[in-house]
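These are the structures, in structure tokens.
In what comes next, chain A is part of two complexes: it sits with chain B in the first one and with chain C in the second one.
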Partner chain A sequence: MIIKSLDPRITRAGIDDESKDGTQQPLDQWHTYEVFQQKKRGTHHVHVGSLHAPDAELAILFAKEQYARRGQCVNLWVVKTADVFATEYEDEDIFATTPEKKYREPEVYKVMDRIQAFKAKQNS
Partner chain B sequence: MELTERHVEGLKELLYKMADDLLILGHRNSEWTGLGPVLEEDIAFSSMAQDKLGQSLALYELLHELGENIPDIVAFTRNDNQFHNCHLVEMPIGEYDFSLARHFFFDHADAIRFAMLENSSFEGISMVSRKFRGEIKYHTMHADVWMKQLSHGTEESKARMQSAINAAFPLALGIFEEGEYEAELKEAGIFEGEAALKNQWLEKVNNELKKHGYTLPDADDVTPALGGRKGFHTEHLQPLLNEMSEVFQIDPGADW
Partner chain C sequence: MYGNAYVENTGNNNSLTAGEDPVKLAEFEARIAAGEKIEPQDWMPKEYRRQLIRMIEQHAHSEIIGSLPEGTWITRAPGFRRKLALMAKVQDEVGHAQLLYSACETLGKSREDMINDLINGKSKYSNIFNYPAVTWADSAVIAWLVDAGAIINQLTNSKGSYGPYCRALDRICAEESFHLKYGHDNVVFLATGTPKQREMVQEAMNRWWAPLMHFFGPSDKISQHTETLMKWKVKMASNDDMRQQFLDMYVPKIWDLGLTVPDHNLKKNEESGKWEYTEPDWEEFKRVINGDGPCNKERLAVRRMAEEKGRWVRNAILKKDARYVAPLA
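Let's turn to the complex of A and B:
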């Protein structure tokens, strides 16, 4: 049976609904690439998603339309997913106590009162 | 310089053929949407098809400023003999190799044409040309990358691209069919003309194809597909127009 569709293009294509076309062969399997987008010069590239491509050149070409069609973009990176090394989720506990270590962040230093006192002294 | 009536007619002829090429090819290329070879390429190709519709709209708007009807009416209510597109853009999408060869030939011509028009004395077209420069640059990048990739894919990919190049080339030469007002357009500094465009294009596509081991047929050995610019079309255009305007015709007065 030939597939009849509301979409005239599908009907025109004369596709046999028993057809085995479209089953994937090993050669069809492209790599995946991770895409990083930079919105403004000088800012960090941010991971925006992934895509399939046979090589980096086509990955860049596809990334432009998939991730940078709308909104601002000045630069794109693509990295083969296989080249990304990651921690294991089972080791997630190595990060367990980091949210407690606020004292490592400069904004919580308890020096503001001394700075204010110093400024007051300078101005007097 | 003061534009005479013949200058304005020439300008309209130029804008019509450019806009019609972009509208028809945009529609043709959109026929791949959902049917493209892989998802990522489907998105990119569909996106470029949309770009072409946007570019055609900008040109129909310039025509409207010159006194022609509004873009929707111009796009959806003419018959094939009132269209000025070349035969290349109206041919069915065929296999993907043909669509890519057409994309390569057309978009390089389009890129050069718009680049020439950036310096046009007609401000409307020079502004539109500058606006779309980046968009069109991506289109030619896309076409070039596929030409390159398929040249070193498999023996089949290279052979199929070469035969698609051979099939599309005589059609592509129809892009440069001269109009009635070439001299006027040149004289007024509006457009350097189809002959100048064709020479630049031949050099560009020849160099690009040679890099990847393809052969461009000799332009003197083939018969260019002419007539489109004068409203003579193949049997493929009218069915396309019927399908394209189907929704519009249901209720031409509808407010979108």
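Let's turn to the complex of A and C:
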């Protein structure tokens, strides 16, 4: 039966409510891109989410619509999800530092003690 | 715009964790208890993944379908300013669906599968969108009160445990505040207008009250046990608690405009601080959500038509070397 709607656009479209032909095939919605947004010049681009697009050019257009509609944005990057290589959360320990490498931390360099001691000795 | 996930009957709470590695499960639960977010690559119980997929997917479908009753009035909005605002709101809702589909995909369900489950009637969406927007005033009441309900639900859920969903909700909530203000402005305009305008908005209020009371889902008295889902921060507040919050925030604002609510039992119990109301008709709710509502058929048919008529465009620009990769976060 053809749908009669309160919405004139739907009535005009003459939609058959028995139609079943909307079924999606794999990749019907294309592959995914990751979106990076820069809110202000001089700041980092930040990952804000992903989207589906057939190519990079349209990915930029969709990113503008989906992620930069209201909020401030001066620049967008899109990267194919397949091209992103990432570490595993399971390997989080690779980022831990060991106590033996204290020489790499700024706070272990306490020159002021030595300077004070030196000055005290000079004045004595 | 979204109500509340219709949590499936999953039996008792123990069956949610049946067959899970107890050590991993304990670590997982400890991380959630400590307020950490779970990311797509992390280990998670099967039931956590399943319930989240269902919930985020329902949410995404609700945004898409929810734009239909309001879209009804785009062509006949009273004036150019109202038309522009309504188009922007409808565009926002569709944009929210995109963000939510992406968040859901990180859990391993492809977008094509989600769309298929929607148009074949396998997945649910917020029941409220199975009702028609009969007049312009209905679209005003939807924009104010349905979005108000959605904000309560979404702010609550944005404090949940799944990272991609929380981040999508943060972006969504920021935009919903425009919807709420726009809707309130619309209702106030009609309620302070001519007798005819007042009558229109009162009638719309009468039509939308029952669906609004249904919006947060069945009463806690008849709803299944959701203890584990609360502990996993999948479900963040009980249906009745969110309903109370809604009544507390919006009934005074409705009365303030001299409008009435079609429930003579509705009043705040000053001792308990809780609102008392006539128990919503949950049989009607079940009947409509299972397909027998005034607009169920139309909503899905319009969705199918959009997929069908958009296919040639998608095919025309589909690159041969494309391959699917689930999003990262």
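Here, the second predicted complex is superposed on the first by the 82 of 124 C-alpha atoms of A that agree within 3 Å, B and C clash if a C-alpha of one lies under 4 Å from a C-alpha of the other, contacts with A are read in each partner's own complex, and residues count from 1 in each chain.
Assume a contact is a pair of C-beta atoms (placed from the backbone, for glycine too) under 8 Å apart; a residue touches a chain by one contact, two chains touch by 3 or more.
Quick caveat, the model's predicted, so the values are computed rather than measured.
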item: Contacts of A:Ile3 with chain B and chain C, given as first, second, both or neither; value: second
item: First (chain B), second (chain C), both or neither touched by A:Gln29; value: second
item: Chain B versus chain C as contact partner of A:His45, first or second or both or neither; value: neither
item: Touched partner set for A:Lys64, first chain B, second chain C, both or neither; value: first
item: Partner chain in contact with A:Glu88 - chain B first, chain C second, else both or neither; value: second
item: Partner chain in contact with A:Ala13 - chain B first, chain C second, else both or neither; value: both
item: Partner with the higher number of touched chain A residues, chain C or chain B; value: C
item: On chain A, positions contacted by chain B and by chain C; value: 7-10, 13, 30, 51-52, 54-55, 58, 62, 65-66, 69
item: In the complex, chain C residues that touch chain A; value: 39, 41-42, 68, 71-72, 74-76, 91-92, 95, 98-99, 102-103, 105-106, 110-113, 115-116, 119-120, 132-134, 164, 167-168, 171, 174-175, 178, 297-298, 301-308, 311, 314, 317-319, 322-329
item: Of chain A, residues touching chain B in the complex; value: 7-10, 13, 30, 51-55, 57-58, 61-62, 64-66, 69
item: For the chain B and chain A complex, residues of the former touching the latter; value: 31, 34-35, 38-41, 43-44, 47-48, 138, 141-142, 145, 148-149, 243
item: Contact footprint of chain C on chain A as seen in their complex; value: 3, 5-10, 13, 15-17, 19-32, 34, 47-52, 54-55, 58, 62, 65-67, 69-71, 80-82, 84, 86, 88-90
